[in-house]
Amino acid sequence: MKKFMPLILLIILIIFPLVYQNAYYQHLMILVFIWVAIGSGWNMIAGFTGQVSFGDAAFFGTGAYTAGLLAHHFGISAWWGMAFGGIMAMAVAFPFGWICFRLRGAYFALASLALNEVCRHIATIAEPLTQGMVGILIMPTFVSKIPYYYIALALAVVSVISVQFIMQTKWGYYFLSIREDQDAAESLGIDTHRYKMVSLNIAAFLTGMAGALFMNYMGFIDPEVVFSLHDISIMAILVGIVGGVGTIYGPAVGAFVMVAVHEFFRTGFFGFFKGLAVLTGSDFLNIAAKYISHAHVLGFGILVVLVILYLPNGIVGDWNKLVGKLVPFKKKEAAT
Amino acid sequence: MKKSKVLIGLILAVALIFSFGVSQSIAADTIKVGIVLPLTGKLAKFGEIENKSFLMALKEINAAGGVNGKKIELIIEDTTGKPDVGRSAIEKLISLDKVVMLGGGYSSSVTWATIAVAQQNKVPFLVNTGSADKITEQGWEYIFRLNPPVSEYPGAFASFLETIATDVKTVAILHENSLFGQSGSKKFVKRCEALGLEVLMKEGYEAGAIDFKPLLIKVKAKKADLVYMISYIMDASLLMRQSKELNLNPKLFVGGAAGFTLPEFKKNAAKASNFVYSATLWTPSVPYPGAQAYYDKFVEIYNEPTEYHGAEAYSAMYVIADALKRAKSLTRKDVRNALASTNLITAFGPVKFISYDKKTNQNKLPTFLVQWIDGNLETVWPKNVATKGYIYPIPKWSKR
Amino acid sequence: MEVFLQTLVAGILKGGLYGLIGLGMSLIMGVMGIINLAHGQLMMVAMYITFVLSHYLGIDPYLSLFVSMPALFLLGVVIQKYTLNPLMEVDSILPENQVLMTVGIGMVLTEIARFIFTSDYKSVRTSYSDATFFLGEISFSIALVIAFFIAIGFTLFMFWFLLKTDIGRSIRATAQDKDAALLMGVNSKRITVITFGLGSALVAAAGTVLMPVYYLFPDIGGPFTRKAFVITILGGLGSTVGAIFGGLTLGLAEAFGATYIGMAYDDMIGLLIFILVLLFLPGGFKRLTKI
């Protein structure tokens, strides 16, 4: 049963837009898929290799800008960015990793944060190239969401499967050994610098592809959207830790939870509270609805604090613990 | 097996909430109009002013019988000031709430990202604040704009330079690195060239700097006659206060709308705000019927001052109601056609969507030049609407 | 020449303030080895306290130091005791969980501030907010000069505190070698709690003295967090003198960058210096000064 869960889920996701033809929910699912790809990338470098990155937006933005600039300057379809975006992100990741992987732990995290900010500034200042804050607008290719839905789904599936595949090869074991104890790995003859580079570049490639898809789908980017420390880099971390650090399906679960939480709060539980307030005519609920829709970031923050405190390995990593807490009588049932 | 039960339970719970959201929107017999505004985040302050103005106008319209017997229902969505969230919001409005038309759109970048969706889905969108020029330069027939584009903001100021301040020869332009600042400063450079002024420097900065002195000391060393700044409130206040500290004395300090006309600017810059000019689109004293009345009513209801963004939103609501009233049927296409033939006088000025230069469906409005004189924001140019005489050149800091 | 001198003055005055911001971060990073990414947000909280005291009770911002610092000390103690310390016992894959936790705390603090005060800009205007004096052609902002001297004062005090008091010595011992300190009978948990409190109180002081010349809104913390870790890395972990030099270096680099390269580059200059120092002078100025 457990083995087939991902497959069943995949089939549901494939059928979903055909059965439920609502562009809004399709839009949300596309966001989820993009976040799955970003989260998988982050999980590769941070979750499996132990090098926490605060600079995913640098790769994401590079991918997005590659797609956007190809379309803007050369009139080439932005879909080419799906191929080149990942490569350009690697072109950023490579020198960065080369130089900064001699830093360890928190210092690497800070360096990646600095990379994020430097990229954002460059994109803002280099107006002739990037148009600065004016941003880049392209007309989306399709009016319907369905093509985007399947492309995004494919990207998400590819990211999850490639992470799963890589983790079964010997690279995967090298990554894990670097995470567990870098010095021990070194003494076993593993070229840690090299394998950290491999991991970072895979992560950058996935994230860059996601960025290019974002450009194609959203049709608009500016430096503060795609190089955002809070909305991309930190969100990527949140997707990773909420879902489960160092698990294959963690980012998928994390992406779904984060997008859902964001949208729940933003719309005040899809007008649930507002509806209740109208039905009962209660002023209190009306005010509560207003506050709730203002509190989506607060919701995130509290979620993060709680997850780190009580589910340090995320929803997937601590699934058994979570179920144990939600279903206290489970043990008894299992016994009978 | 237990796990899958928990999972199914979760899915059911989610589905329940989703369906609640859907059933919510199948409500009474009203005309639904979607509005996107930043109600949280950094831009929330202005979003809130627009929100209140929309609601105020809505109340007036519905109290007067609504549109052809039906009431208008506004569905206001929060964009949080971010283009991608704005896009989620507009998707929801179009496909979930099935609104007839859209309005709002505060910042240029969010507006820019959302109008493409509206155009693709053929939903009329009346932009009332997003000011980047290119918004109406795409030839998109479903996009209309009430406010003038950013390149036209300094219109009145340019005529002031030509007729009064003719001895201004050199210019320094300081702008924040935002869509508004970067595109506005570029357009202003072009305007200066057309006027035969020499642009000595044009420099951007990241909003939120503590110390502008390195920038201002350069302006001082270059001895520019005119300092033109495109900044939001707090940067605007700091720029003026530090200009005073540095004893920087150009012939003119001019702000390119945005931060320089707000009451907070006066409060924070205190004495340093005196005699500063600014381009603006609207003040309560403009010669349009209902302008002063709108201001007074807003202050009375909400007990706080309002400014041009609010007037834009208030008037946009009337334009929307007018278009809905004249539409042959309440389909998006007919509403669009009705909007295209708008000819209405509002508190923000006459509204008529025309095509000129590269722009389509753009409302053309005159702009004004205002000056802070002894704590009051006075309209000083064009002369026929002036509330007080201009003070030019502005006195040196030491002589005040 | 005037341009050069005025830039120099601007850089030094701003640098003093940066030093005070970096000082707290430096202590926390030195003792606990974690990066506190909620540092700027703690400063924001202190600034709101200053604002409330000044706006509603009319208390002078400098006097409110006596409220904001103890309040932030308590807040820091609570954060360390109830959210960060428990993480030491939690079994998790990433050792950086504490850093991620501070991100979460930062978000919560920012959003609570937004809840209470909305996103509106707030500021405290005093009679000396834009008072200046001139030395020759060069202008000095009085409020910034005061802030500069307060920063220097706190640095000297911390220097003395770490060197001469028992708690100070324990903090230094924990920073140097946690296990050895434990063996020597230092209660390391208590020390981390005190350090986090002290660090928070110091950044509170920075926020409070900045208030008369600056302004305030809930998102103000982020950029200051970034400046704080740049300064800390520049100066060296746990080094008080290093923090002041780090702050001055950053202040001067930003000011000269803004004058001679362009204002748009000032943030970037700091970050590039940061990466260079990480790579070529790991340990920061502390390596050079040994204190």
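Labels A, B and C are assigned to the chains in the order they are written; within every chain, residues are numbered from 1.
Definition applied: contacts are C-beta pairs under 8 Å (C-beta built on N, C-alpha and C of every residue); 3 or more make two chains touch, one makes a residue touch a chain.
Predicted, not measured: the structure shown is a model, and the values here were computed from it.
Colleague: Quick one: label the inter-chain contact graph as line, ring, star, complete or other.
Modeller: Looks like everything touches everything, fully connected.
Colleague: Higher C-beta contact count, A-B or B-C?
Modeller: A-B
Colleague: Between chain A and chain B, what distance separates the C-alpha centroids? Give it in angstrom.
Modeller: 33
Colleague: Between chain B and chain C, what's the gap in Å when you average each chain's C-alpha atoms?
Modeller: 37
Colleague: In chain C, what residues contact two or more other chains?
Modeller: Chain C, residues with two or more chain partners: 114, 262, 264, 267.
Colleague: Among all residues of chain B, which ones touch two or more of the remaining chains?
Modeller: Answer for chain B, listing residues that touch two or more other chains: 40, 177, 204, 206.
Colleague: Going by the touch rule set out above, which residues of chain A reach two or more other chains?
Modeller: As it turns out, chain A has residues touching two or more other chains at 121, 124-125, 294, 297.
Colleague: Flag every residue of chain A that touches chain C in the complex, lowest number first.
Modeller: 46-47, 50, 52, 99-100, 102-103, 105-107, 109-111, 113-115, 117-118, 121-122, 124-125, 179, 229-230, 234, 237, 241, 245-246, 291, 294-295, 297-298, 300-302, 304-305, 308-309, 312-313, 317
Colleague: For the complex, which residues does chain A have touching chain B?
Modeller: 1-2, 5, 22-25, 27-28, 31, 121, 124-125, 127, 132-135, 137, 139-140, 143, 214, 218-222, 224-225, 231, 260, 263-264, 266-267, 269-272, 274-275, 293-294, 296-297, 319, 323, 326-327, 330, 333-334
Colleague: Taking the complex as given, what residues does chain C use to touch chain A?
Modeller: 33-35, 83, 86-87, 90-97, 99-101, 103-108, 110-112, 114-115, 222, 226, 229-230, 233, 262, 264-265, 267-268, 271-272, 274-275, 278-279, 282
Colleague: Once bound in the complex, which stretches of chain B touch chain A?
Modeller: 1-4, 6, 14, 17-18, 20-21, 24-25, 39-40, 77-78, 80, 82-85, 87-89, 91-92, 94-96, 109, 112-113, 116, 120-121, 132, 134, 177-179, 181-183, 204, 206
Colleague: In the complex, go through chain B and note every residue touching chain C.
Modeller: For chain B paired with chain C, touching residues are 40-45, 48, 177, 203-206, 208-215, 217-218, 221, 233-234, 237-238, 241, 244-247, 264, 267-268, 270-272.
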